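Given below, in the form of structure tokens, are the structures.
Common to both upcoming complexes is chain A, partnered first by chain B, then by chain C.
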Partner chain A sequence: MTAASARRPTKAASTRVGERQEALAGYALIAVPMLLFLVLNIGSILYAAFISLWKWNIRTGPVTFLGLNNYVNALTDSIFQAAVTNTVYYTVIWVPLTMALGLFLAVIVNQKIRGRTFFRGAFYFPAIASSAAISTIWIFIMNPFGLFNQVRGILGINPLFALIGFGPNQDWLGDYHTAMNGIIILNAWTTSGTFMIFYLAALQAIPHEVYEAAAIDGAGAWDTFRRITFPLLRPGHFFVATVGVIGGLQLFDQAVQIGNVDGAPANSLMTLVLYLYNAAFKRLQYGSAAAAGVLLFLIIFAATLIQRRLFEGREPTTA
Partner chain B sequence: MRQRFLTLSFATMFLVAACGGGGSSGAPSTAGTGASNPPVESENAFDPASISGSVTLGQWESSPAEGTALKSAIDAFSTAYPNIKVTQTTIPGDYRAAMVTKFGASDPPDLFYINAEYAPEWMSQGFLQPLDDYIQRQGFDTSKFFPDYLSIFQQDGTTYGLPKDGNTIAMAVNTDLVPTPPTTMDELVQVATSLKGKSGLKAPMCLNPSLDRGLAFLYAQGGSLLSADGSAPAIDSAESKTAVQWYMDLFKDGLGQTNTQLGDGWCGEALGKGDVAIAFEGGWLKGAMDAFPKIKWQFAEMPTGTSGQKVTINYTAAYGIGVDSKNQDQAWVLMQYLTGPEGMAKWTSGGIAVPSRSDVAVPQGFEVIVKGADYAKPGSGFMPGYPDVLKAFGDEFLKQITDKTYDAGPVVDATKAKISAVLAAQ
Partner chain C sequence: MLSAPPPPERGASTADRSVPGTGATSSAVVAAGGGDAGLAAVLPATGPQRAEVTVVGDKTRAWRIRIAYFFLIAYALLMFVPFAWTVVTSFKTLEDSVRLTIIPQPFTTAAWDYAFNNLQPNIVQMFVNSFAIAIAVTITNVVLGSFAGYAFARLRFPGRGILFLIVLATLMIPDQLRMIPIYSIFNAIGFNKGVLQMVSIVIVLAISASSVFLLRQYFLTIPKDLEEAARIDGAGHWTTFTRVMLPLASPAIAAVTILQFQGTWNGFFWPFVLIRDQSLWTLPLGLTQFRLVGGFGTNWPPLMATVVLATVPILILYLFFQRYFVEGIAASGVKG
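Presenting the complex of A and B:
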């Protein structure tokens, strides 16, 4: 860095040159990742949009120009409509559920209890374990004669389940009424760890003085949480909700493991990404698959915009 | 003068013979009907022994035993054709998806498996190399393939694959509980009814709620999916509707349950664990049942239904060469060995697979399966878009069973709509 000029208001040539050198160095450093991002991410999106206008053969490329026919066919396909319904249902239920769980866990491990580092690791572990392995184990647990049904039989709570219409050997993941809920519960448990980490970071950004002031005012634990902690976590809520919705709308791993690639039972586990996968690899209709991908992009984009609007005006002014 | 004339005429005759001989193998092949081709004596004849090089074989491996059986067949090939080096590539996970991406990259293995399930799509998309030229030039005998195995891998009179093995669906019974297997569908219902409520059994039979087994029952009871010429749906005919309702009633009367209702991975496991007494599976059941030594069981032919004829469905896979494959001649040499009588005998002697040729000895225990090949109709790959039809039928059928409404009407309607949509899109 060259020495700055003593006269403040106007910059000396040496400073301008220094700044430009710094700027150039910056651009040079991000040039490679930026190029990769532009080509692989933005370029792929544009290419997919291009493919979606054609009947496309994976070996020979474009075959017939279809215009928006792929989009029309997708939107009128009952399986695609089922996919949208399932995916939106999943997101609407799973995101708040996992946010609540994550917040609950974060508040617990934020306290000074013994072994909290161990608990932080233990709660986070399911998020990094293999989703295929976890799905397989979940299939065994939810088997009609598996662990869950046996345990509730032993505990004698079957009458409670009978009240809401579930027999003692209910096939949770094979019955198309309950299969999606089974996946919501599975994913709520596995992703609660990730959301816990996000909330932990947001919790620790709240200054101590606020709590001290609340204690002086005589606020109890629940009041403190409801009136002080929860509102101050707004940036955390926004971030977690956005990440959750983006991830939730792309549900695939568990749907393909548990639903046997075609959304069994009876399309209840068909999600948007699974529809795309089937269109591409089963029916070899790449234009259709690309159209589904673009539609998914539009849905996620719209959801994110809506969330920004919802959270925008109410950003608190914490440091 | 005379010598020059003789020389000239001989030279002309040679030239004419050479040009004429080159054109004689251009006649259209009869591979579509599976008739045998006599050895071709022209200069264009293909002699497998003269080919050298290397070939990559793309495969899936459903069990280590299958890998061993295939390896022994490949070793026998290497002894018979020492000039060709074979490299096996096992493709894990979703074989179909992985292969499609390879086709897209124009870099498929030289020789690879093709399952009947997606054969129509791969043929339509132009992924596969036509084989008629090789078949004719070598004089490879395709007449010994069971006809409904080979037809799946032919489109518009061109052959794109040769079946490497084949399976038919048969009835498998627990011989302790069912000492005499039923021979008709009515007897089957009687036997199942008598087994209802038997202690230790979760259900008399394990049945799949879709056409992957239901098609055999549909055919047996006189129904069908398509009209005879394959141009229109026939699932809504009176016989088909009755057949579908009959199959649905097996669930309704508690004579059969799905494998998920029983808590088993598939019906073979249900039979092996003693949850059911009767299941309907193919030759792959034999290897799986070896893991359940306590159960005494046997294969029996599918019972005959109201159609009065023996019928079942087959599942098969073939070898194929990609249009973009690099070593096509070498791939053909490997294919003609593995699907010829000698190679197939080696492959099926491992007890993993069932021959798709009638001139290969039947491995022990698979007699019923091979018998079924005489009268089996294709269980997949007989119409493009069949997986979508299968899904339409299965989704609605499963809904009816789950909701306990057991009505075949919506199932037939959904299937008919899908068949019409698929046929219209061709």
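Presenting the complex of A and C:
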């Protein structure tokens, strides 16, 4: 055996030891976080899927096997249907509205104008407060004798509201016609700044040369936005829409804080998550609650896939 | 800005390539961090200044700026007025609270006395509860998040790709789907009594995918040379991680700290589900329950005083660490 050939396996062995050490270090570092992810997330979904097939007792576990009956019962329950309708309505209105606001703010704040750091900070400001604080403020402002009704009285625009059927002391969050729209506006208000920040990050990713080229071609501001900025923001749109839809379908805090757990008034604030909560903690039907949870997950998953499809397609070229 | 570690010429360019591109969630996250390697996503105030596109005459431009300012100021007012009204109302009497008086008539601190003395549980108790949970969750997220973030960014081990994908996939799992299994598990092991209710919240929130993702993206931007130099000096993986890499990652750690503290402090869902004892209520839980069942549903001034108290700690954080809020949100992009 020559010296050279003797050295080679040793070196390989030491590399292998190094690799093994690196792998061991990696596993050691991810052990606890991974355990938590696997048990509390992956394990939870599987367990929820299992529970959804049973009549379930919180202390003793499975009582009777029901197969898909919990799903059938949920899907045929009129309150569940109302919950789906409300949740989808909320998401379909709130997401585009907040995206439009966020994009609008981002484009303005992205200009080189004085004070833009201040404005950016101001627009994000409502997002730092808790949903409980925000909802309480909103209930106060929107109550029949609240700031909103008083200000529109002073501005003299009450005839306009009368045209669409609202009196001077409309109880915006207590009337089932307007309660959900009230939450939509509330959450558009608190989240537009967050979406603005997402869009600002996306705007930064657009290469500057594109704008220079547009300027040379003599494109105006609106044309530049419509033909260049907006299409090039496609990854940003996809991201914001996805985050928005995932969040929107899980509407819970504001619905509970404003309408309590019964989704008052008249089920108008009954959301999917609230239905799930009630099934579990009001009616103690853990099986049907789990089934509603699985359905919610499937809806979110499907919505995400659909959006991926929608926003996919040919990437606009920067040329 | 957060892309601090010098010199960033290596590493940064490889960052987004190593994010698994399959699966809806991961690609959503890629879009947030994408392009600029996560935290390095540079926001206007801190990034290189962009030349303005001036294609129209100066007059038109001046008008455009005027219009822009009009919208900016109007929208900024919309952002502040509700909070200002909250503060004003907290110094009013109940009768005055439904009037449009901008200066309280009479000015009174009665509502504040009420908030400090008449709440059950006491406001100080709720502060302590909120604070304890928020601090614990922040610490676990920073520690476990940097462990996992570093391992996923820098250490090679079999299964790394798929495990990271699993972490990202958890972003799509609604908390509510986890609610019943988690509630049953904690019930079964007796975590539904006493202070263990708070512990159960900390366990549920102990690590979030956003913390792991944010830290991983940041570790990816740190040049490999520094690590290799430490290795050559004979440092092991642990020493390299704690002595070399962690200090370099402090901007990302700051962002995770802020985001987690704020998120947990404001959190409503898990306390609502897992806390039964009134003495363990957090501020958001107390605020909601006082209004819904606590009997002072429309006693506006003390409610508004409580709102102010619950918001002030985060407001102070925001005033001092605004960029970490904004850049952390931009980079992790999961708080909707």
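Throughout what follows, the second predicted complex is superposed on the first by the 279 of 319 C-alpha atoms of A that agree within 3 Å, B and C clash if a C-alpha of one lies under 4 Å from a C-alpha of the other, contacts with A are read in each partner's own complex, and residues count from 1 in each chain.
The criterion applied here is as follows: a contact is a pair of C-beta atoms (placed from the backbone, for glycine too) under 8 Å apart; a residue touches a chain by one contact, two chains touch by 3 or more.
The shown structure was predicted, so the numbers you read here are calculated from the model rather than taken from an experiment.
Colleague: Considering only touches as defined above, state whether A:23 meets chain B (first), chain C (second), both or neither.
Modeller: The second partner, chain C, only.
Colleague: Just chain B (first), just chain C (second), both, or neither: which does A:59 touch?
Modeller: Both chain B and chain C are touched by A:59.
Colleague: In the overlay, answer first, second, both or neither for which of chain B and chain C A:221 touches.
Modeller: It touches chain C, and chain B stays clear.
Colleague: Would you check which partner chain A:121 touches, where first means chain B only, second means chain C only, and both and neither mean what they say?
Modeller: In the superposed model, A:121 contacts chain C only, not chain B.
Colleague: Does chain B (first) or chain C (second) touch A:146, or do both, or does neither?
Modeller: both
Colleague: Comparing chain B against chain C, which has contacts with more of the residues in chain A?
Modeller: C
Colleague: Based on the superposed arrangement, let me know which partner A:83 touches: chain B (first), chain C (second), both, or neither?
Modeller: neither
Colleague: Would you check which partner chain A:176 touches, where first means chain B only, second means chain C only, and both and neither mean what they say?
Modeller: A:176 sits against chain B, while chain C stays out of touch.
Colleague: Using the superposition on chain A described above, determine whether A:283 touches chain B (first), chain C (second), both, or neither.
Modeller: In the superposition, A:283 contacts chain B only.
Colleague: If you stack the two complexes on chain A, which partner ends up touching A:242: first (chain B), second (chain C), both, or neither?
Modeller: second
Colleague: Once the complexes are superposed, what residues of chain A are shared between the chain B interface and the chain C interface?
Modeller: 58-59, 143, 145-146, 277, 280-281
Colleague: Provide the residue numbers of chain A that touch chain C in the complex, in ascending order.
Modeller: That would be residues 19, 21-27, 29-30, 32-34, 36-38, 40-45, 47-48, 51, 58-59, 104-105, 108-113, 115-126, 128-133, 135-141, 143, 145-147, 150-151, 154, 189, 191, 193-194, 197-198, 200-202, 204-205, 208, 211-212, 214-215, 218-221, 224, 235-236, 238-239, 242-244, 246-250, 252-253, 256-257, 260, 272-273, 276-277, 280-281, 286, 289-290, 293-294, 296-297, 300-301, 304-305, 307-308 of chain A.
Colleague: If you look only at chain A, which of its residues touch chain B in the complex?
Modeller: 57-60, 143-146, 169, 171, 173-177, 261-262, 264-267, 277, 280-284
Colleague: Touching chain A in the complex: which residues of chain B?
Modeller: Residue list for chain B touching chain A: 94, 96-97, 100-101, 103-104, 106, 118, 121, 125-127, 258, 260-263, 323-324, 385, 387-388, 391, 394-396, 398-399, 402.
Colleague: Can you tell me which positions in chain C touch chain A when the two form their complex?
Modeller: For chain C paired with chain A, touching residues are 24-25, 27-28, 31-32, 34-36, 41-45, 47, 49-56, 64-65, 68-69, 71-72, 75-76, 78-80, 82-83, 85-86, 89, 98, 100, 144-145, 147-148, 150-152, 155-158, 160, 163, 166-167, 170-184, 187-188, 203-204, 206-207, 209, 212, 236-238, 241, 262, 265-269, 272-273, 283-285, 287-288, 291-292, 298, 300, 303-304, 306-307, 310-311, 314-315, 317-318, 322, 325-326, 329-331, 333-336.
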